[in-house]
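A short worksheet on the structure shown next.
By letter and in written order, the chains are A, B and C; residue numbering begins at 1 in each of them.
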Amino acid sequence: MAEPGLSVSLRQSGPIPLDVAFTCAPGEVLGLVGPSGAGKTTVLRAIAGLYRTRAGRVGVDGAVWFDSETGVYLPPHRRRVGLVFQEHALFPHLSAAANVAVALSDHPRAERHSLAMALLSRVHLEGLETRKPAELSGGQRQRVAIARALARDPQVLLLDEPFSAVDRRTRVHLQAEIVALRKDLAIPMLLVTHDVDEVARLADRLCILDQGRVCLTGRPDEVLAQPAIRALLLGDEAA
Amino acid sequence: MDWEAFKLSLLLAACTAGVLMPLGLILARWLAFHRFPGRGVIEALVMAPLVLPPTVLGFYLLTAMGGNSSLGKLWIAIFGHPLAFSFEGLVVASLIFNLPFAVQPMQRAFEALPPDVREAAWVSGLSPWRTFWRIEAPLAWPGLLSALALTFTHTMGEFGVVLMVGGSIPGETRTLALAIYDRVQAFDTQGAQLMSATLLAFSIGAILIANGLTARVGRRHG
Amino acid sequence: MSIVRRSVLSAAIGGVVISLGAASLMAAERAPTIAAASDLSAALPEVAAAFQARTGRQVRLTFGSSGNFTQQILNGAPYEVFLSADEAYVETLRKAGRTEGSGALYGTGRIGIFAPTGSSVRADAALTGLATALRAGQVSKVAIANPDHAPYGRAAREALQKTGLWDALQGKLILGENVSQATQFAINGGAQAGIIPLSLALTAPVKAAGVFVLIPADRHGPLRQRGVLIRGAGTTAKAFHAFLQGREARTILTRHGFTVPGAR
């Protein structure tokens, strides 16, 4: 029953109410959109193993990462998941290369440096590998975060509002990176964002979340055309 | 200069630090990273020795450890002498009254770690154990050093509790601070001055070193 | 292994090793500890030195108030000889089963009034100088040992009560934890007068700091000072206790103002 891709179902009444279920196929970008407090970040954290819901199931490529019925729960370090945090969450005491290398502990020590360098050049950061996060710009830090997430050789890539902390121009560049990456990686990718334009441009499918429930799933152009959805998302942005 | 008292103080400080650093670290991490009912109570208990008058603490410890208590009697049965008025009794008392000095700086240091940094470590494949060694400890290092310096110097200078729990038995429980008191009472102001100056220099020196190292470590992280 | 890990590991190992080392150090055979009332703090070191010269054996001395030591011994403190400034505390310990025998009288002590140089109080045996200064409002502090646990403090209180000055001095007394501390207060200028032991008044620092006059012995209960072996005392302690009754020790004690048994 090895079903490729990500399948998620999460249910709990509190403290953060959730009732979601969706799938994401390999190579597909699924956007999670919704007003603040809708539970989007919670869903990502639950998939990564940083948050445990009362009930639900998370399966990836046939392997079960979480199943409340059988009591299976893999801690985050046992899941091969790539998570790009909103505020990069880089290790401040390590250089860019060392940051990436942390995620390479599965590989023999001798290979780690060259692999880290390769990943950094993939995100166009050659020459900056010895710099510490404090010495990098916001956009550069996010690239390191992406490289580190990829270094894990993840089965799922999760992006939690990855570009909200950078300026517009950098954001456009980084979005282009994601588009390029998506062609190379054949894994499910989840993108949580506030930015409706961004999700329209990057996502293959959208999941609209409101107060922990999925209201609607579908292609961006279809979903975003609906007036109720636009009101929900843009009304919130205007406010 | 009462070298025996000096040696005793150093030994007491070293034993205390040796035991309290790992134990305090575990407690500090637990308090920093977990929310649970009763956490406030534990924190208050940890802080209690800071606000309790040393004589109150000493009195309770003496009651608990003296020859008339169950612990005291048990100790006598095993070792032939009571826990109070012995060096081991001082170590036990020292572990208790140094708890806040050891735990609080470390707890603050761990609390200051951005939570997503730890999560990023886990998600990058590091187990909690390896996350501690490679990510938490290098970032919380100044707090750990602070705890060590404070515990050490505080133990060197502690008076009230040591006097009550240990008596002032030369060679056993007469630490440097007590020796100074003893010299003053014996009208030996010269001896008292020499030892006081030594203790002062030692304490300030330890703090200076700790601060200096902390500043250097801080600079490395930018 | 990273440097952090290595340092912490070595510190932990070091801590354990040091603790074990300390424990074994403490277990080694050591000279017995003699708990002595503070009024002996000038005389006893000399006696101990004479003891060492004669027998080659060492003792450790610790001074404090008799009441304090009694409490500690009741709590199991490892002293081997207790030299109290009175007999009542020894009796307390004997009744509690902490002693070997009932001990022996080693001397009788005396108290007197001490006035530091420049004080408003004139020192005299009948304490009239103190009374005068009190009436004139020139006295703010008088130092005595704490009567609750120092026999010399008790004697001071009795003498003050007998001369009718005790009530007038309420609120003006500074209580030393033991007679040494009381003497410190008296000579440091914190007090205008103090009632201190003769044995401490004969020391150089006190002599240089002011005037001392003996208070007649009939003004207070006698300070019969008793020494006793604590249960479990070793051979050195027993030898020291016996030495205290000998001629050499008695000569030293007499020189320090004690009236030894058998002397007039």
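Everything below uses one rule, namely that a residue touches a chain if its C-beta (ideal position, glycine included) is under 8 Å from a C-beta of that chain, and two chains touch if they have at least 3 such contacts.
For clarity, every value in this text was computed on a predicted model and none was experimentally measured.
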{"item": "Touch-based graph of the chains, sorted into line, ring, star, complete or other", "value": "line"}
{"item": "Farthest chain (mean CA position) relative to subunit B", "value": "A"}
{"item": "Chain whose Cα centroid lies nearest the overall Cα centroid", "value": "B"}
{"item": "Separation of subunit A from subunit B, taking each centre as the mean of its C-alpha atoms, in whole Å", "value": "45"}
{"item": "Mean-CA-position distance for subunit C and subunit A (Å)", "value": "77"}
{"item": "Where subunit B and subunit C are represented by their mean Cα positions, the distance between them in whole Å", "value": "32"}
{"item": "Numbers and ranges of subunit B residues touching at least 2 other chains", "value": "134, 138"}
{"item": "Residues of subunit C defined as touching subunit B within the complex", "value": "2, 4-5, 8, 11-12, 14-16, 18-19, 22-23, 26, 30-31, 33, 38, 41, 60-64, 72, 74-79, 178, 180-181, 184, 203, 205-206"}
{"item": "Interface residues, subunit B side, partner subunit C - complex", "value": "11, 14-15, 17-19, 21-22, 62, 66-68, 72, 76, 81-82, 84-88, 91, 133-134, 137-138, 141, 167-172, 174, 182, 184-187"}
{"item": "Subunit A-facing residues of subunit B, complex", "value": "114, 116-117, 119-128, 130-131, 134-135, 138-139, 220-222"}
{"item": "In the complex, subunit A residues that touch subunit B", "value": "48-50, 75-77, 79-83, 85, 87, 89-93, 102-103, 105-106, 132-135, 148-149, 151-152"}
